[in-house]
Amino acid sequence: MEEYPEELRTPPVTLASLVGCPELHSLISTHFMSAQPPINTLALPDVSKIIYLFNNKTDSDPTPTAPSPLVPGIFKRDWLLKHRTKLPAILAALFPSHHLTGDPAQWQQLCSDLDSIKAVIRGRNIKFAVVVVVNDNVDEISEDRMIALRKRAEVDAKYVIVLNPNDAANLKLSLHRMASTFSELAVAYYREEGRRVKQRIEKKNVNSVELIVRYCFKVAVYAEFRSDWPEALKFYEEAYHTLREIVGVTTRLPAVQRLVEIKTIAEQLHFKISTLLLHSGKVTEAVAWFRQHKNAYKRLVGAPEGTFLHWEWMSRQFLVFGELLETSSKTTQGFAPIILSTSSKPLCEWEYYPAYYYQLAAHYLSEKRSVLELAISMSETNNEIDSVVDSVVPSVYVGQFARLLEQGDNVDMLPLTDEEYICYAVSEGKRFRDSLEIIALLKKAYESYSSIKIMRMSSFCGFQMAKEYFAEGDIGNAKQILDTIASLYRKEGWVTLLWDVLGYLRECSRKVGAIKDFVEYSLEMAALPISSDTGVRRDIGLAGPANLLQREIVHNEVFELVNGDSGLATNERINNLKITEGESLQLEVDLVSPLRLVMLASVSFHEQTVKPGASTLITISLLSRLPLTVDIDGLEIQFNQSNCNFLITNGQKSQLVEVSDGIQQHRTEIAPSLSLQSNKWLRLTYDVQTDKSGKLECLSVIAKIGSHLSICCRAESPASLDSLPLWTLGDFVQTVPIKDPILVLSGQKSTQVEEPDPLVDLHLGASGPALVGEVFLVPVTLVSKGHDVYSGELKINLVDVKGGGLFSPRDNEPHAMDSHHVQLLGISGPEGEDDSQLDSDKIKKIQQSFGLISVPIIKNGDSWSCKLEIKWHRPKPIMLYVSLGYSPYSDELNTQTVHVHKNLQIEGHNAIVLYHQYLMPFRQDPLLLSKNKKASESDHSESLPLNQKNVLVVSAKNCTELPLRLKSMSIEVEDNAERTCSIQHGSEELANPALLVPGEEFKKVFSVSSNKNKSKLSLGTVCLRWRRDLGVEEQCATTSTLSWVVTKQKLPNVNLELPPLIVSFECPPYAVVGDPFTYYIRISNQTQLLQEIKYSLGDAQSFVLSGYHNDTIYVLPKSEHILSYKLVPLVSGMQQLPKFSMTSVRYSAAYQPSNSSNSVFIFPSKPHFKATVSTNSRVESVVNL
Amino acid sequence: MIVCVAVVGHQNNPLFIQSFTEADDALKLHHIVHCSLDVVDERVNNPKKSGPMLNETFLGLLYPIENYKVYGYLTNTKVKFILVTTDLDVKDADVRNFFRRFHAAYVDAVSNPFHVPGKKITSRTFAERVSTIVKSFGFSSAG
Amino acid sequence: MPPVAPRSGDAIFANVERVNAELFTLTYGAIVRQLLTDLEEVEEVNKQLDQMGYNIGIRLIDEFLAKSNVSRCNDFRETTDVIAKVGFKMFLGVTASVTNWDADGTCCSIVLEDNPLVDFVELPDNCQGLYYCNILSGVIRGALDMVSMKTEVTWLRDVLRGDDVFELQVKLLKHVPEEYPYKDDE
Amino acid sequence: MVREVSESCVDSLLTEMVSCYCNRFYVNKPELAARRIEAIGYQVGHQLSERYTMERPRFTDHLEAIKFICKDFWSELFKKQIDNLKTNHRGTFVLQDNKFRWLARMSVDPSTDKVSSVEDNTSPTAENKAAQSMSMHLYFPCGIIRGALSNLGIPCAVSADISNLPACSFVVRIKAG
């Protein structure tokens, strides 16, 4: 597109010419440029210059005057340019206002100027406008002056424009008016011009088709000037079609040049048309148009000697259209190509891609190049033509050339003969390096395709590009592109294409003497699955024909090379590839390498696991797809445990293969034969043995071939072997690397070596169930029997047997520590070895349920022990896992560890169950209303009478199977809670810890009284100090050494209420048969209200009594009523007093006193007491109350 | 006349490719076939462009290149048949008919127990059948 | 001559349950291929095919006798004839012919033009030693065994190996004319 | 006209194939035998699907392909269609054949146990031998279905369920991706 003249590439712009007032020109022209539509200005300082502007035109335009019957050319080369730069549509004369208003002389001058201008533009209907430049206020130009001016200038009023550069306000406005006026005039001008030319076409008397073409072109251009695109398109197309008719008709020029001219014109018209189409967004039309353009001229090759011109032209067509398409697709992005499947020749997606056109442009250019080269080789011509060639120049007409002939000072143009022209063209052609151009085109295509992920197409372009690079000797670029392409062809298995690419790559590496690359490419080629002839016979690339024979040739060549055979020296193709002695070449073959075809190693252990020191079988299977049998000198099998590496040498080869350093000490097997036949598994089975535990994996198999080459194949497991490239062998039944049907499916290249049996005993000496709360000690003992223990480590794990997990955030605990049900508190080293020292040098990690502690070196036969401290917060069984990991050897290299595991389930029990009860004062019963309600209500919390002395009995029961020692029992109140009641009891500590045998209870009595008026009473927490009974050493064990376990239990809150009535009984502590005593029943009314009481006293056969059996009484507020009875006991022994029952009418609460409180002991006769001191702890604490 | 036919596997690997030209452009034809796979992908991946012939095995004209026309066919088993011809105006009917017969031949070829699915077709019988189909191209429906 | 004329193979074939031959052909092909992958050695495969054929043969003979109401035939010549004419037809839907009798009537050839087993089949180059249809020879051997004729069946011609027809040579080794167990069933 | 052979050919061939792999090659490695039998079925299914999808537009989705298996494919093989197709719309399909021909034939086939006696008398009791060989037989049709589907571009796993004979249902689990 660049080679087109600018005037052709861009749409034409109106041209206006300004005369006079040069100081304003720049101002005006800049404004016009930015106006819409823009206007180019042609500025003339003063009228005198007009003459020069136009007179040259007068003689250089014969067309209107004498239409010669034979037109020398179709388009004038300069016509378009002229109309854009020289020939204005409007001429505007600028006059300063004072020329109108000033003295007559100035007016005269003005008039004469006007006349001369009119003289010039007379005949050609250039539009005329007058601009009056006012410097100060406008109004001083009198109306009649203006009219006079208009008369003189013969212009319509609206074409006289007043411009005042000084008043900024109106300047813009007036300039704008000026622009619009001008463009209006211009449109008129171009329309008239166009109509004029059109008339010529319409009246059919135009005798030459050339002229019609020219006229159509002009009309179109004029239409473009006034941006009437549809018309422009219409006439360009008309011109184009008419032109097509000329072909073969006209005989104006010699054949070749005639064609050249026509094609050039066609090219311009086509360019215009497709530009217009694309700019109006008609992509599909444009593409269709291009297709027909291409088809119309494709066959017009013309005379054989000029063929290259045709190809060049074609190439340019594609290139230009491609560029147009690209630019337009940039502007109007995302057009969706719809395939017009209705039409007979549907467009297809590809014709919408610029890359498609670049590709073909390149294609034609290479066509051109080949033809041109031919032409050049033939055109060894006489030098008189050559002299002509130098003087050839483009002629006046587009697409024509002439030779310039200077005689003295007058120059004239002579027509060329075709022969001369061809010579000229050829010599021109010589000046260009087509291959660079071709590369550029292909690059555009390549990149454009790959940018829209059309990989195959782009690869194809890339390949051609690479070939060009190669031809140019730019090996670097060539190789780089070829490599990327090769990978695609590999991936999709296009063997023939790959073969070709590899052929080039191979030559590239040959050229730069990259021997490793050369060998790799060669081997890959040789291994390609090309068995039958692929039909690619001729047009073979550097690779030669793709067939078995050629593969074998390549195979032989490369193996001769690596074997350093002297025979190669003669072969000059390979002279810059040499392997010097001692130099070795190692190829790596991994899962992704293309060389996987060349050699593939599948390795399978016969067992999944092995005992250390025991030997297991391993099968190494090699497969090669090279066309010929390869004789391997030695195989080197490498494992992750290098001491297992071994070497297999070829029995037939006498000379010893040198092995890569560090292998010598390893064993060497001798295989009868190591010849690797094409497509046949070479299977070798040997045994390996290791005493190092852990994973034993075969890493790689290195095949040594000849003195230089070694191929290192990554070992693969047969189980995962199916990932071979997808093109591998079509015409063979697939074979498996191993015969054994199981190994084929499951064989692995690695095996697990078990660790040696441990020779250390691990004892967990735990005794009985643990008690909740106490620190439970589990002694761990290590006894070494046969192994020394180095860098030993104990791991301890506590696991909930029920699997519930030891950590339970769900139940919210008052003590954070209780969030663990069972907790590993610590690990105490063996006696004598104290923690601090143990901490200092050894690891010791303790978490809630996990512990890690390092074990010192234990010599064979020695033992070591420590204690685990575990605390239960909940009664639940746990599983204790203890595992010892150690290494039997002191040296750091051999870091193989042996493990011993032990586990033990430990029950956790509650040691002590606490419960409590409340007692009333003796023979006194408050009436607690809540008691009566109890039945109905669900509230089971106890209630106590307000400001009465109450008795609390707390008892602790030993529910274990072993005796416990009790230190103390007390009730503690949380510090924060204010004391709501007073609790008295005896000394915290018991004088000497009480022994509590299993199942036995320990009771302690507290007296509780509350006077504060509170409904609820929080009593605090019972807190019990205890420990296991140590039996024998109980005595010697002083309290200081032994830690006491503290068991706490919060007492439930109790309700307090004021009893309205309190009944208390009074009678002597004992009575004697026969002699009477008084039995008082005291009913005290605690309330402010009068209480009506119904009571009754039942009969009792063991007593005779006097007094009312039942009655109703009234007890006054805050006072008490006493009933007194005389009783005479009749029977001795513990006797029930007569049963008393009463009902409070107010509360409708019936009420019986508890039986316990109303029985009395009757002696048969008067007893005699002696006071004694009891030591019984229980009595004592009662007395305490 | 038909210059090249090819069978391409669902991984775009060539299963069978045969050119029928005396001209020395076999390799070029291989390239053309390979490139045409891009068009097939395009057609299959956004069927809206290919309009009515959605899911039809016959893909129609893939793309025109200098002097060649390339036609495509995609079986239910994602196997592609590519046909390259030099004829300028080809009847769709002929191409369809060609592919139909070609498909039948292909099916018999892959029914050979020794044919490994997804691997090259090396059957001679297939090659022969193909060349007869190719020879008879155009006549079947023309007359 | 047997009292009841044996029904013609076509008649029987028309009446038996028939299935699409493709399934049969492809299945057999798949089996052969699998055997080749598992056993690798062509000779092994031949042996296995023959063995399979034998097992099938000793089973099919019942159905054959039942359907074809061929009364038990003691004469070797007659038997082979029935197998060729009726047997092949009623099972494979193809007819075979018996030729090349030797002088003492203990050896002949069964010739097959057509054979559903080999539709679509082409032997790969590296399987040339394979007797693809070896199962047939096995079947015949097995069937004849059950009518107490010890035979040896070998391939003389094989279309897959480029011959024009299949030719099986059946050689009678020894004929044990004692009652064979199936008498009681009838 | 489509070529045909007697059904007993196919049946005896299958029976023999199964017993060959179960009782001769992999006597006490049933899982290996199963693999082989499945592989054979796979190849057959692969080839048949190629054959039976000729002349028909490409399937747009999995369901279409499955339906094809249930209808045309099945009737080509068994002269009947799958009786019931269920799916969970998450890639699992259950194809039920109320009277699966190959099993039906097998169970009535009197020669099965005789075969076993011919091959090895060390075999366990006849009926669980039959059950075992029946499940072995099923690897073949499973392979066929898998082969057919994977050739249609649907990688999947197929298992058979004979909990209620003679009905047999094949469970197809399509592999994601």
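Going by the order they are written in, the chains are A, B, C and D; count residues from 1 in each one.
By our rule, a residue touches a chain if its C-beta (ideal position, glycine included) is under 8 Å from a C-beta of that chain, and two chains touch if they have at least 3 such contacts.
These numbers were taken from a predicted model, which means no experiment stands behind them.
Farthest chain from subunit D (centres taken as the mean of C-alpha atoms): A.
By count of C-beta pairs in contact, C-D exceeds the other of the chain pairs B-C and C-D. Averaged C-alpha coordinates give centres for subunit A and subunit D that are 43 Å from one another.
Computed centre separation for the pair subunit B/subunit C is 41 angstrom, with centres defined by C-alpha atoms. Taking each chain's centre as the average of its CA atoms, subunit A and subunit C sit 64 Å apart.
A separation of 26 Å divides the Cα centre of subunit C from that of subunit D.
Contact of a single residue of subunit A with at least two other chains is seen at positions 731, 733-734, 741. Counting only residues that touch two or more partner chains, subunit D has 25, 43, 47, 51. Contact with two or more other chains is made by residues 111, 113-114, 122 of subunit B.
Taken together, the subunit D residues at the contact with subunit B in this complex read 43, 46-47, 49-51, 53-60, 151-153. On the subunit D side of its complex with subunit C, the touching residues are 2-10, 12-17, 19-20, 24-25, 36, 39-41, 43-44, 47-48, 51, 76-77, 79, 111, 114-115, 118-119.
Per the touch definition, subunit C reaches subunit B in the complex via residues 22, 25-26, 28-30, 32-33, 119-124, 127.
Residue ranges of subunit C in contact with subunit D, taken from their complex: 13, 16-24, 26-31, 33-34, 38, 48, 51-52, 55-56, 58-60, 62-63, 90-93, 116, 119. Residue ranges on subunit B touching subunit C, taken from their complex, read 108-109, 111-114, 122-125.
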